[in-house]
Every structure is written in C-alpha cells, then in structure tokens.
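Chain IDs A, B, C, D, E, F, G, H, I and J follow the sequence of writing; residue 1 opens each chain.
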C-alpha cells in the first residue's frame, strides 16, 4: 500500500553542529535500512530545498506512522502524508 | 532528469459524455506510450480525487513541457511541476 | 485501517431538481449500505454547510478509492483524505 | 452534542525532557478519564504528525471549552473546533 | 449557547431579478422572525460586502443547523460557524 | 459606530508567570471599565482558543485604535478589525 | 474618518458590450461626483490589474457602506475595507 | 511615480526598551524628512495594528528601494510594494 | 526600470476556436513588437502551465500599465507585477 | 536549461554582526563567480525586500541544486524553484 510523503527538515540553529551531524548520520542509516527492506520505496530531494518527496510501501497506516515517527530527524520535520494507489493507466507492474 | 508533476483533472460538465470518453481514451494511450518509452516513469492516483502524482524522466525542461502540453486532457488540468534529484541517502540505482 | 474523509458537496444549479433528488436518494442508499457493512464507520454533518466528516474503515487505499469514486455525488464533491490510526491514549477498543 | 476537534501539538525544545514526559503523562491520564466518562468520544492519531482528530460529546460549548483548556498540553497546542451533528443518512444510533 | 456565524451571499446573475427579490423578501421575514424569537441574537452587515456577521443563541448544534439550512438564501451562501462562550471578563449578563 | 474585532493572544513562554498574571489582571480591569462605559459592547471567548471576538461601539476609528493599543495584552495580540453597520433586516434597536 | 478600500472588478463576459460601457460610464460619473464632494479622497489604479486602491473620508461606516453599495460596478466587484487613522509621524495636515 | 507600500512592524521582545525607543525616534525623524521632501506622500496607521499604509512618489524603483531599506525600522519590518498609477476617473491633479 | 510580471492565461471554453487563434496571433505579434523595442526584455514559459514570467523595462508605471492592458489576451489573464531593481551583486551591465 | 529561483533571506538577529558581514561577502563573491561563468544568468533585487529573483542556466537539476545549496547564505534562505523554457513568442536568441 503506497503513501506519498513530503518531509521538510528544519534543524534549529541552537542544535550543536556535532549533534546535527550525528542525527543526520543516523537518519541516513535508518533511511537506507528501510529502503533496503522495500518499505521506503522512493526518496528524491526537492531542488533548492532541505526537503524530500518519498513513496512508502507499507502494510498499514500504523506501520507507516511507526516508520515516520522513528525517523531520527522526526522532531525537526514537517511531514505531509497523501495516500496513493495504482493508476488505471499505469503499465508498471510494481507501481501498485 | 526527474520532475515531480501533480495533475488535477476537472472535465467541465458541458463536455458531451462521448467526447469525454474519447479524450480519456486518448489520454490513456498517450500516457502508456510515454510510460513505455521510460519518459513517464511513475504515475499514481491520489485517493479520493481525480488527480495523479507522476514522475517524469526527461532530457530537458523543454521536453517535459512538450510532453505535458501534449496531454489530451491538458486543457482540463491544473499542473504543478517540482524539479527533483537523486537523494544522497538513496540506494536505488535508477532513482537518479 | 481508518481514514478521515471530508466531503464538500456542490450540486450545480443547472442540474434539474428531479435529477438532483434522484442522485441524493442514490447517495443515501449507497452510504447506508456501506455503513451497514462497517466500511463507512462514521458520518457527521458539519453545522451550516453541505459537507460531512466521515471515517472509513477499509482494508486498503484501493478499497477506499473505489468506495469514494463510487459515490453517486462524487462528480459534485471535493474530497480530502487523511490517514488515521489508533491513538496511544485511546481506550476505545474499536477505534483502532 | 458533538464537536470535531483537531489538536496540533508543538512542545518547545526548551522544555526539559523530564517536564515534557510529565506533562505527556498527565495528558494521557486526563484524556483517558474523559474518554471513560464518554465526553471525549473518539481520538485518532493523524499519520506522520504529532496531531490528533477527536470528537467530543458535551452538553454545551462552555463544557467543551473547559475540557479543552484543561488539557495539560493546552499551552503547546493549536486547536480548531468544528461543530458537528447527526447526518441524515447516518444509521449509527449513537452518532447523534 | 452562542455561535458566531459569518454568511457571504452570492446570488448568481442567472437568477431572474423578480426571483431574487422574492427570495430576499422571504429571507428578511425569516430572519426577523428568528430575531424576534431570540434565536438570532445579533446581525450586522460587513461594510462594503454582501455579507453579515451574526450571533445565534440556540439549544443545540442541531437547532443551529436547522435554522441555517432553512435560510431562503442558503443555496447562495457560504457559511462559517465558530462556537462562542461567555468570556471570563464579560460584565454583560446576557452575553453568556 | 460598530467594529468587529478579533483578538488572538499569544503570551511568550519567556514572560515570568507573575508578570503574565499581572498583565492579565490589568487586561481584565481595563476591559471591564470599557464594557462599563459602553465602548466595548460585546466580548465572547472562541471555544478551544485563547482568543476572543468583540464588538466595539466608538465615535471614530481613532478612538477604536486608542482603545485597542491601550490593551495591556496588546504587545502579545494579533488583532483584526472589520467595520460593521446596522443590517437592514435587524430588529434590534441598539445593533446600529 | 478614513477607510482604505481595495476594489477588484470582474465584469462577466456574458454582459453585452454596450451594457458594460454604460455601467462603466455611470461608474466614472458616480466616482467623480464623490471625489468632487471630498468623500472619495484618493483613487489609484493598480498596475496590470482591473483594480483600484482608494481612500474614503466619511462621517460613519454607514455612509461608507452606502457609497460603496451605490457603485454602478458594485455587483461585479470584490471589495475589502480597512479602517485607517492619522499616523503619529504624519506631517500632512489633511491625512487625518 | 507612485507606489503603495504596506509596512508591518514587529520589534522583537529581546531588543532593550531604550534601543527600541531610540530606533522609533530615528524612524519618526526619517519619515518626516521624507514626507517633507514630498517622496513619502501619504502615511496612515492601520487600526488596531502596528502597521501602516503609505504612498511613495519617487523617480524610480531604485530610489524607492533605497528609501525603504534606509528605514531605521527596516530590519523589523515586513514590506509589500504595489505599483500604482493615476486612475482614469481621478479628478485630483496630484494623484498622478 | 524593471518589473517582474507573471501572466496566467485562461481562455474560456466558450470562445470560438477561430477567435481564440486570432487573439493568440495578435498577442504574439504584439509581444514581439514590444520585445523588439526593448520594452519587453524577457519572456519565458513556465513548464507545464499556460503562463509566463516576463521582465519589462519601462520608463514609468504608467507605461507598464498601458503595455499590459493593451495585451490582446489581457481580458483572459491574471497578472501580478513585482518591481525589481539592479542587485548589488550583479555583474551584468544591462540588468539594471 | 533555465530555472526561475526566488530567494528570501532572513539572517537571524542572533548571528554576530561580523559573522553576518563575512557570510554576505562570501555570498557576493560566490554569486559573481557563478554569474561570470554564465550559470547564474540574471539576478534582480525585489523592491523593499531582502529577496531576489534569479534565473539560472544549468545542465541539470543536480547542478542547480549543487549551486543553490552551496550558497553561503543558504542556511538563512527560503528558496522556490520554477522550471522555465523558451517562450514560443520570444525573439531573444539567448532566452532559450
């Protein structure tokens, strides 16, 4: 089941640089593990912004919420979720 | 080069039903041909709306514009384009 | 799986009154059948507006979309879907 | 009498973690007591956000306001209230 | 119980002038009867607009909705309802 | 001459609690004196918010501005003023 | 007493050209008579738009509303009124 | 050449009171000197807000920008510029 | 003197196709003549939209307004004007 | 390939003045080097704001993103990117 997720990141200037680097490193590892598992199907950077557009493939809304709130950068993010589904014109087998 | 495109469709009630069906059929054929060519990489329906989220993979903005304005439903669409790029955390080879 | 759905209805003045009554009657029957099945879990009117707030309980986003686009009033509606999940403080067994 | 309430929570980073945990614990107890009494009829989490959608069943707007401003997290919340009523198509006895 | 109601009126140009006058006359009679009964406690015109700000004093949201949807101009109005309550600093006995 | 005034209050967390209490006490006294004089004709709390809707009856815009900027809570308020006038359907002698 | 008024004009294409010219001619005469009387103190065109920014100098909100709703183009306008007053730094005698 | 300028002032609470008074005094002197020169043609306070609506009469956009960025309160302002021109219905010689 | 102009075009479906083509042809000729004169310095299409971003170089706001309202497509356009000036970091001689 | 970029700058008051000057100097040098290379084709100041409108000419979205995130002022900017293309009416050879 697919969800379109937009994440806008805003790390406060008061966070020490070392802490910011550490949380970004954990974010990257977390993201790659979820991509590897197939749950985080796509992630693209939005040009000129500290933001991404992602597509998640999960078994339930609960699972999606658990994955999103587990993001190391979650406390610094604005997140917007839009449910998606296979388009009747799609010819891509796995865009379901 | 990737672009995130949101299309909201609003076919006016004054368009005869047969014409509406014809333009939708042409839209589907047009879309599938572009998906087949790899230019229209993803298309998903937004739940509860006559709208889609798509990702195009084109060689230039000019090509993107030509493809979008060639959509049979273009006169009845609101289109919003957002440029994307590979995310530094992405592990997917072709999400570049 | 729960989804919060807001529907704003706007029947055009050009629709003949008899047609409008007919589509409203079909809408009511359709809604009550889905409520009876447990898929359309809640529906409330918003005070002073021709609009409702609903909660759907479905197995997938696909099923939700099929139910919503099957609404007899769908062509005259603006629909906004928000995915919900059980709140950690909830004590209600079936608000999952 | 039913009211749709959306609460968006934003605990400032300057609040010490222990204080934040304490206020969240009091919030949970307060919420569950109101749910138990039937005043706070529904509460759902919005996917990907520190926010909830709730339905209150109260005897008056005054009672609703007293309950909302008594929330331990009230100082950190944005609250939006929408009055609801039984929908004419509803078949649920207690969605009145 | 008090509700703040803003009504914006937009009578379509396609409505014949005689019909428009008739519906406005019925609206005025309807409004004055409700004011007389104490249910429609205040009504003020907004300067420069075909719109009003009103305060209703009703026993329930259901009653409010019945009164508003019974407005002869209801099909041509945008209505926004905000629940009010007595302010702790108020010295006016009947602004409760 | 009547003006609809909406005031949204946002006292910063950095204001010491004793100072906040003091300014609120002065606000209440100031408001009640103006209500007593007839200048501040109505004040209602908006449900679930630290905000009010008020109606002022003043001799000029200058007088209104002087009263509003004299509010002890003025530095912490967002204020929106809308000019009102007697509605042609009003039957209330003093809603002029 | 001064009011800032923004008027956006949108004459529907269905109005016959002769009628449109006639109403514009009446609008101009009406505006110039009010300017001549001193009630319509300023009127400027907004660059690139069929819109104006005006300043009215009236004795009351009632008078302002009467003048605005008497505009021949009033049925085709969106009007936004903002109350103004003399600025404490103003050195212009008549900008009061 | 005329420009409509709206300035919203927001002096941060962290600015010491003496500094705030000093910058306001410089702002007033600066404004009055520009009014005296004819460049700052009008300035009005917006009722209930720390904001003004002004009209500047300058020889170029460059000159306007230089005047605005030279405002002592510029760092604490939100500024919105709208180009104006003589209205074809205007009878005021100097509203050009 | 430079102005940033965004034009969104919306030709109504009720305009006969031949008329639409004729007005577009006149628009193109008008635009190219102004580009040739140096008044319409830049024009770019916005990808996926029937809209453009332009930069005009004119002697006054009056001239800009005359040029814009003379556009054959003006009745079908939404236009937004933003005054520009040479950027202090610009190295381009003619971007003044 | 052309992109319209709007940058709004907001340097926090907590940044020491010397640091602010240093970052601005680096920004200017960075901008001029990119202008010199032809990548940053236009830059204009928006009148009355600490903001600019720019046009970039790059080989790819990736290159654009690299240039923008390399801006010394990037952490203090809101950036909005809009893809542009040659307008069919353009007569300017290099506005492609």
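The criterion applied here is as follows: a residue touches a chain if its C-beta (ideal position, glycine included) is under 8 Å from a C-beta of that chain, and two chains touch if they have at least 3 such contacts.
No experiment lies behind these values; they were computed from the predicted model shown.
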item	value
Least step count from subunit B to subunit F, where 1 means the two chains touch	3
Counterpart interface for F-H, drawn from D-E, B-I or A-B and sharing over half of its contact pairs	B-I
For subunit E paired with subunit J, centre-to-centre distance based on mean C-alpha positions, whole Å	51
Geometric centre distance via CA averages, subunit G-subunit F, whole Å	29
Inter-centroid spacing, subunit I versus subunit A (mean Cα positions, whole Å)	40
Multi-partner residues of subunit E (at least 2 other chains)	2-3, 45, 47, 61, 64-65, 81-86
Of all residues in subunit F, those that touch subunit H in their complex	3, 5, 12, 14, 61, 64-65, 68-69, 75, 79-81
Subunit J partner contacts - residues on subunit I that touch it in the complex	2, 4, 27-28, 31-32, 35-36, 42-47, 52-53, 55, 82-92, 95
Touch list for subunit G against partner subunit F, complex	1-3, 60-62, 64-65, 81-86
Subunit I-facing residues of subunit G, complex	13, 45, 47-49
